[in-house]
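Dropping the structure in here first, questions after.
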């Protein structure tokens, strides 16, 4: 899985019928800054994921790819290869807190 | 999933029988411009996808990869790993409209 | 899926029993030339695919990856993740014919 | 599969219900140093995996990706695409021991 | 699939129970030299695969990735995403023999 920030969304009215009503978020994957190891860095990549957890723009989410994106009640019959399955509260690595949702942006 | 523009198509008359009658589009994936964040940029990659939604050349489509490309009525028995499952109307990110089909090219 | 040219083959006599009798081609994926957009360019990558369509060296084939490579009568029980499922006759994009099998090499 | 070092973890309280109680580790994949071939080098990539083996931070683990991440008793119904399925004791290649857990850090 | 040379192995005593007794090889994928097209070149990448064919270090093997790695009698219930399913005898491409096991190293 990967973690990424929800930066936007797409609208598609003409689509495969089973997809009606699904929220399609744009997610930019994040990785740990390789040198300083004290923060998360955007990767510049653009993924589209179905929201399976009720997330919102600006939040960092845990995303699953491949067939496993269908392993939730909401997504089990959908033609999707990526889903947001958790909202991230905090990330710690190398004995450092890299992200804490409760203090971000304050 | 990813979004990409349909730039062309391929013809293959000699193929696995189940594939007869399927439209094979060439799709170039798009990503958000990393610096300006105000437009979609082509990635230079070349994917072949089966059209599951009745799209046409020039349109931006939502594409699914892997086993999930088989999760539509039309594609469920096909040896394919990518399908267009939605025509994209609009894309917004970073509080900006990056693409709006209704105004493009006007 | 991707398109690629068959550039060679491999021989493996000691292998998993279900693989006996399968043709193993080397395929080099092709992409559209990013700048001129008027031809197909080799990517330099090396894939091994099972031939499910009766192709030959030098031909451009449509290749499927992942679990879907098993979705043909010939390949359904094989431990393979890539198969050639169609021989490409022509490729057109950006209103240009990038490849036409009937005129290539003449 | 790949091997990687567990460098941290993430917390997500609001998530798909089946994921409750799963440990989510951050893993940085390792590869063999290309030139010297005498040590393992971090790749700088950031993966999130479910712990299926009782590992701890700092350990090197064997990770599986894709649908196979669901092929353990603990993970079989989870929407995950990566799991740690073994703790690595030692790595040898090119007739050299590249890693030995029993002597590391002593 | 890809071909790669077995360069080493890993030991993991603490692992998911179904994995007990499986040989875990380190494999470095090979590709055709892009310029000269007369030899195989290591890619510098590090994959871990389960041996499903009785191979040994130094040999070049055919490797399968993804769910298909489970499509052998030996591996069908394992949490693995890569397996060696054939020992490569020879590789030819561009009308040249790039590898012949019977003459290598003599």
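Residue numbering begins at 1 within each chain, and the chains themselves are lettered A, B, C, D and E in the order written.
Following the convention adopted for this analysis, contacts are C-beta pairs under 8 Å (C-beta built on N, C-alpha and C of every residue); 3 or more make two chains touch, one makes a residue touch a chain.
As the structure is a computational prediction, the values presented were derived from the model and not from experiment.
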item	value
Steps needed, at minimum, to go from chain A to chain C via contacts	2
When chain C is superposed on chain D by its C-alpha atoms, the rotation angle in degrees, nearest 5	145
Whole-Å gap between the CA centroids of chain B and chain C	21
Separation of mean Cα positions, chain E and chain B [Å, integer]	33
Where chain B touches two or more other chains at once, by residue number	66-67, 69-70
Chain contact graph, described as a line, ring, star, complete graph or other shape	ring
Running round the ring (origin chain A, first step to chain D), the chains in order	A, D, E, C, B
Contact footprint of chain C on chain B as seen in their complex	7-16, 18-19, 24, 26, 28, 44-49, 66-67, 69-70, 77-82
Footprint of chain C on chain E - complex, ascending	1-3, 30-32, 34, 52-54, 62, 64-72, 75, 83, 85-94, 98
